[in-house]
Every structure is written in C-alpha cells, then in structure tokens.
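Here come two complexes built around chain A, the first alongside chain B, the second alongside chain C.
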Partner chain A sequence: MRARDEFFIGFFPIPPGLRPFLAAIAVALILLFAAAGWFAASTQAAPEEAGFRFDFGRQEVTGVLSLHPYPVIRVTEGSERLAAGRTVMLSGGGKFAPPQAAALDGRLVKAGGVILRRGDLDMLQIGGGDANLAAAEGEAPALSPPERLGRWRLEGEICDGKCAAGAMRPGRDLSHKACANLCITGGVPAVFVSAAPVEGAEFLLMAGPEGGPLPPEALAFTAAYVSVEGEIERVGDLLVFRIDPATLRAL
Partner chain B sequence: MMLSPAAAMSNRVARIVAVQTAALLMDLARLWLWAGAAVSVPFLLWGVGRVEPNARDSWAFRPLLIPGVLLIWPLVLWRWFLLETGRDDWAKRHLPPRRAHAFAALLLAVLIPLTIIAGLAIRQGPPAGAPVLLEAPE
Partner chain C sequence: MSVSYIPVQWNGFKHRYNLALALAVGLYLWIFVELGPALLGHANPITPQIHNARAFGSCAFLMMSVILMIGPLARLDVRFLPLLYNRRHFGVMTALVALSHFLFVFNWYFVFTPFPSWEALLFSNTAYDRALGFPFEAFGIFALLALLILAATSHDFWLSFLTPRIWKSLHYLIYPAYAAVVAHVTLGAAQGVRGLAFPVLVWSLALVVAGLHLAAWRKERRAAAAAGEWVPVCRPEEIEEGRARVVRLSGGERAAVFRHEGRFSAISNACAHQNGPLGEGRIVDGCVTCPWHGFQYRVEDGCSPAPFTEKVPTYRLRLRSGTIELDARANPPGTPVQPLEAPR
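Up next, the complex of A and B:
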C-alpha cells in the first residue's frame, strides 16, 4: 500500500506514515488552545484580590444596625478585623439581605459572620439564625450624624456590594447585570464602583435621592459604565452616594 | 474630565448612530424570524409530508423543526421548490458544498479569530473620568 493511501480510522492502529503528522497536529492543538486561553484571559480586567476571608475566622461585632438605604452596622465594639467606628455593609446568605435584620432597625445588635473584602470595600455576610444577628443588651448609643460632602458627578459602575466584594468575580455584560440586579432587589447593598477614588474611597454605598434603596429605574443602568450625579455623605467611615436617577447616563 | 462641546456632540451622535443601528438589526432579525414563522406553518403542515416520504403521517417531530425553519427558511423554501418541481438531482446534491469546503474552511479559519480579536479590541474599557465636585457642602 502506498503511503498516500494510508487512512486514519480511530479504532484501528495508526498507520505508521501518519504518526508524525498526527503527533505534530496534537502538539499544535495543545499549544493553540493554551495560547487561545492565555489570550482570552489576558484581555480580561484583573481586579485586585478579593473574596470571602474565611482565613480571618468568624467576626463578631456589636453596633447599631440601620436598614437605610441598605443593611449596615455602625460598629461600636469591634473585632480583630472590624474596628469600632467602622460602618460595614451586611448581607445574608445568597442574594439576600440578612432576614433577621428587618426587626432590628436602629437597635444595638450583635452581629457575627464572615468578611468579604476587596480593597477598601468590606462586607459582613451574616449567618442564619439569632446566634448571628440579634439585639444586644443596652440602648443604641448616639452616633455622629452623617457628614455632607456636597453634590458630585461620578463615573463608574453600579454593582451589588456582595459580588463586588468578592463573592463572585466581577463580570461583564448581561449575566453580570442580571446577577447584580438579583442581589440588589434581594436587599444586598448596592455599591458604586467609582472610576477614581472620591475622598479616598473607591466604593460608595448607593441610595436613592431620599436616602432609601435605589429606585427601580436605576436597575436599568447596573453593571454598565455610567455617569451619575448625587449627594455624597460620610456615615462613619463609609461614603453614601444618594444619586439623582434623572442624571444617570450610559457612557 | 470634561469634554469639549464638540467632542460631547460627537459622542452624542455616535451613541445615537449606535442605538439606531442596534434597533435596525433587531428589526431585521424580527422580520427574518416572522418570515420563518410564515414559512414553517405551510411547510410543517403540508410541505414536509409532500417532499419527504418518511415524514408522512408523522406529526410529533414536526414542532421540533420550527426553530430550525425560523433560522434557515430561505434554504427550506429553495429545497421545497426543487423537490416539488422534480428539479432535485440527488446524486449532485452535495457536490457544490464539497467543492466549497476548502475555501470555507480557510475563510472560517481567518474570520473566526478576526471576529474574536475585533470584538475584544472594540470592547468598551472602564471610564477614566475623575470625580467632579458640582456643589460644595453648605
């Protein structure tokens, strides 16, 4: 049989004349897919390291819980990683606010959970049950009022604070948007990821114009690069961006 | 960073053109699918049984063909026409596509990477605008 008549059939031994060719193709394909994978990965944004910090252990803090615009705790007695004076956003399991929080607005509470951290963004994921979020003994102390920082126009992205803090890799496009909107409508704090730091902060807790949750029309602009105007105030160490939804503009 | 009025206007025009192009593409896609739906009704009710003996008196599989007909309805119409009018020459049926395989393979080998690279190259990057204080606190 002439070499040119050799024919590859998967379930028969490889014809000797085809072996170098098939070996070269196999190596080329491995290299090609490795290169394609590297190329696709190199085009993605590489945000700083973030995620659940189970290595910090369970954090238990005492503080005043506020549900406006989203659940946050203003820490009065801190833990190793969350010092007193901090204002920390809270989430429950999955894409929801901690369900125990609804009855505790404005009260002194003891909260326990695991930290999610990206840069200067911290979130405490509260475990289920009263052992993880319950009223503490004593009255809520008077806290410093919010410090007004003026009206700003910012460019950046509206995300949910949990995925942005590292529960998931920040994504792109439609699936990222659907994920963020599910989190935000589930009561997870919405954050504005600013293109450049504002008063030292890259992540701002978002609120509607009256200080409540984000208005529904803002959900059309999540997970896209936008420009928006609004009032910024500092609550503890957290900046709150009360947006004017009429000024939301896709970039 | 504030844009100059001319640059801002140019940005607005570019966005309007992009939105109108997207709307046009969506309208064309919708029209294409409606045409496919119009073809799929007579083809799946009558045509497929007339041109394919194995399909006669078989009904359960026909709804499964609807998505395919929606997409490739011109080809369905063309094949239906050939088979109905007896112009189909089954022996030659696959010859033209076979002749085109080499060219198509080369074309796809170039077009697919080009499309991916172009898509990545024109993808929107993060904004660079610095925060602007519009009104200082009272």
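Up next, the complex of A and C:
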C-alpha cells in the first residue's frame, strides 16, 4: 500500500507506510528550526562599543550642577577619567534622573558614580543617597557663559543619553523607542546622535526651544532618523541643541 | 474521542510529536541564545535580556508560521494529516514561547521607570499617526492575547461548552494574530537588525503561509458545486470502497457521499468535533472516521457509536440516469437513511 493510501488515526498505531514519511518530517522540522535559529541569530547586528565602565572604578568629581535642560555637572575638580572643565550628563539608576539633584540646581556639588561611555559621549550614573550626590562646601564658582554657535539643521536620531551610552546594547533604533521615551520622560538627558559631526561632536545634549526639557511632541520622533533645526551652544565642552520642534521631520 | 473530559489525552504518537517539537524549539533557542553570539564573536554583546527576547520572539513567529502551514499542507497532501492531529499542543507551546518573549521585553524595557509598568507599556509611545516609530508593541499585545485565548480554550471542554461553531470562529483569531505578528516584527525588530536578511526571512515565511492557503483554497474550489433540491454527485463507480466524494451545496455546506460495502450513504462533510473534513476520511469498522482527530460516525445515521454522543446531519440519495443525486435538504443530525443500493 502506498503511503498516500495509508490512513492515520491518532489513537491507533501509525500505519507502517506512513512511518518513514513522518520520521522524515520530524527530522526536517528539527533541522529547519536549527537552521532558522542560526540564520536569525546571524542577522543580529553587533552593537557599537558602549557600556558601563566599571573597570574605571567609581568616579567622584566636584562641580556645578545644572538641571536645565537635563541634569549635567560642569566639573571643577575632576577625577582620573573626568577632567576639570568637562560638562558631564548625569542619570540616576534605571530610567530616572538622580533624585538627589532636584534640590541642588546651580550649587557646587560632589558627585560620585560609574561612567557610561560611547565614543565622546560620557554619562555619569549617580548612585543613591547623599554619599553620591550632595552639596559641597563653598560657593559655586562663576563659569564661562554658553557660546552660541548659531542655527543648524541636523540629521540623526533622538535617543536617551543613557541607553545610547551603552546602558542597553543596542540602545538605539525603533525597537528601542518606547524605552527611550520612558528614559527621557523620567529625566534622563535626551541626546541627538548626529549623522555628521558638529564642531567635532557626534552627540549633542538636546533641549526645548526655551532651554528646558524636550517638548512632549518631540517624543513622537525619537528613535527614528529625523531632521530638525535649532540653535546650538557650547556649554563647557558639551554642545547643547535647542531644537525648534516645528521643524522635526522623519526622513 | 472521549465520553468524559481529562486534562490531556496522551498516546505514543503525541509523546513522539511533542518530543520532536521540543527538540526543534530547544535547538532553535540554544543556537540563537548560546551558540550564535559565541560564533559571531561580537566584541560588545547584545544585552542578554534583549537577546533572549529576540530569540523567543523570533521562535514564536516561526512556530506560528509552521502551525499555519499544517492545515493547507494536509489538504494538499493527506500524508501531512498526522501533523494536524496534535496541533493544539503545538499551539499551546507557541503561546508559552510568545509569553516568554513578552516577559523578557516587559521586565526589561518597561521596568525601573517613574511609571507603573503596564501604564508604561501602553502609553510610552503613542505615535499611532506614523509608520516609522509606530507603537509596534500594540500588535504584539493583540497577538499574545489571541494566542493565550486560543491556548486556554484549546481543550475539548471549551469546544463543547462554546459549541463547535463559536469555538471554530474564535480560533480563526489565529489569522489576525499572525498578521499582527508580521506587522509587529516588521515595524519593530526588523528595524534594528543588520541588512535585509531578517525582514526577508519574516516575509518569506508569511508568503509561504499565504501561498499554501491559496493553493488549498483553489483545490477546495474544484469540488463540484451544485444547486437545487436534488443535486448530481457522480457516477457510482467513481467512488472507491470506504471513500467519499464531496459535493458543495448552494448554501456553502458540503456533503460527503460514502461507499460502504457496495452501498452509498451521505452525511455532512463537517465533523461535529472541529469541523474536520469527513469526506477526506475513511470508513473504519463501519464508521466514517475523521482524518483530523479520528472522531467516528455510523455512515447510515451520522451518529457516533455508543458510548459517544456526537451526531452529524445525513442526506438522502437517489440514482437517476446512472448518476447519484443528493437531496440538498439536510436531515437533522442523527437521522437514519436507508443506504442507496449500487446498480448491478
């Protein structure tokens, strides 16, 4: 009897003529899944070099804290890895701004934490409690005013600075959009990853048109390739991009 | 078939079926999660939670694709029918793999935020007015809910409780769920991979699924369609002993005309269990036997043999000018009909 004539009934033994076919199907299914697993795994793009730098050890710096548009510290007394004169973005644990920062805007502070680094993007993740972020003795020194670099039109991606710096790998692209929005809404600095360097910098801290946090409508454009216009100013060694949300375009 | 409900009816075939399935799924996940990164040698590995989410998500998509291929393959080639027999276990396993994908995503992207995680899942991205950046999570949530509903109602208790018609309609949810998964992957994961290989894989599978359904549909359309009270079926000698000829009626129903011990009887083509195609079954021990799950009906009255209680409608037959004709007005399920004697 040909296999096509065999009639399978689940509660009876498999007809002998069907057994080779079913065995072949089982082997084919297993091989198909193995091959698909390998193929799908091989399509996963290698994340860029970024991440927590626990190997640097805990960094402790002194500087002036600013919460506008997002928490940054302008370092006056540096550490081994964060020199005086740097302007470093800050985050707390998870998708939060450092909670201790709220009462310290404009004050001289001591900050301690671990560096996240991707290229020229540095972020300091501040640990919990006063031991990691508290007012330092003395008055905040006068700092150089922002240097205006004019109006620019940039192409690139709006990210949250923490994941883009390697807290997640990958921490960019559309599959990461919801996370980016949660980070930015939670107070983690928003960053523009420019397709072409601006004054030598690939990453710019983002701000709304008045210098505050990104307006809510900008969240619709995160994680996608966009163009946007705005004013750029240099604050210490960090470029700040004050965007005009009306000019946001998905490309 | 069973006269009482037990959680799972096991037999040797189901054990072997599930073993092959578990091996296939386990191998996929092991290669993706463990072997892939080691062999690819990424200097900066993908975050494990994200990598796991991708492994389980892509595996669930492959499993859904294979599940949806089984039905049309069985219509095109009866040797695939045994794969259909235990398909519900395949479906439950798929729901569990998809749930694992969700948990990896949910417990990574939507935690450690200032907002409750469920709120974060639903409202962190509301860009529903654009393709790039569309909240693809919504498609995934819909598909997962559908898979969980189908898995939870896969037992025959629910089939009986909901009635076959409602149960079958509910389980057609698998099609919108599959379409939602294709959209979920296309607008989400496929945007973050290297090159076009992954999107091509996803769409190739989806096109194979669609193509097989189209081929099976075309084959079904070839079944003779007829209108009127008495409709011609075929000449008696065209039906093999123990087999049937299916005829499509004007109302969309199908009837199966069987030849048993040289005489002809007609019953509904739809099994009372899951609407399986009885006309593609055989007569075993004097009973029409469904090719999907082996439910049986006496050919003369459409009743399952005692102690079983399932019934299907029957039809009257007559012979005119050497052709079997069927009365398109179905008898109530379980109505005895005198078989039509074959001409000498």
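Before moving on, here are some points about what is shown:
Keep in mind that, in the parts below, the second predicted complex is superposed on the first by the 198 of 251 C-alpha atoms of A that agree within 3 Å, B and C clash if a C-alpha of one lies under 4 Å from a C-alpha of the other, contacts with A are read in each partner's own complex, and residues count from 1 in each chain.
Please note the rule applied: a residue touches a chain if its C-beta (ideal position, glycine included) is under 8 Å from a C-beta of that chain, and two chains touch if they have at least 3 such contacts.
All of these numbers come straight from a predicted model, not from anything done at the bench.
When the two structures are aligned on the shared chain, A:194 is found in touch with chain B, with no touch to chain C.
Looking at the shared chain after the overlay, A:123 reaches neither chain B nor chain C. In the overlay built on the shared chain, the residue A:32 is in contact with chain C alone; chain B does not reach it. By the touch criterion defined above, A:45 reaches both chain B and chain C. Shared-chain residue A:174: touches chain C; no touch with chain B. By the touch criterion stated above, A:149 is placed in contact with chain B alone, chain C being left untouched. When chain B and chain C are set side by side, the one touching more residues of chain A is C.
Touched by chain B in one complex and by chain C in the other are residues 43, 45, 225, 250 of chain A.
Within the complex formed with chain A, the chain B residues making contact are 15, 120, 123-124, 126-138. The part of chain A that touches chain C in the complex is made up of residues 3-4, 6-14, 18, 21-22, 25-26, 29-30, 32-34, 36-51, 93-96, 166, 168-170, 172-179, 181-182, 185-187, 219-225, 250. Within the complex, the chain A residues that touch chain B are 43, 45, 148-157, 194-198, 225, 227, 229, 250-251. On the chain C side of its complex with chain A, the touching residues are 1, 11-14, 16, 20-21, 23-25, 27-32, 35-37, 40, 42-47, 50-51, 54-55, 58-59, 62, 66, 77-83, 85-86, 109-115, 120-121, 124-127, 129-130, 132-133, 135-137, 187-189, 191-195, 197-198, 201, 281-282, 284, 289, 291, 293-294.
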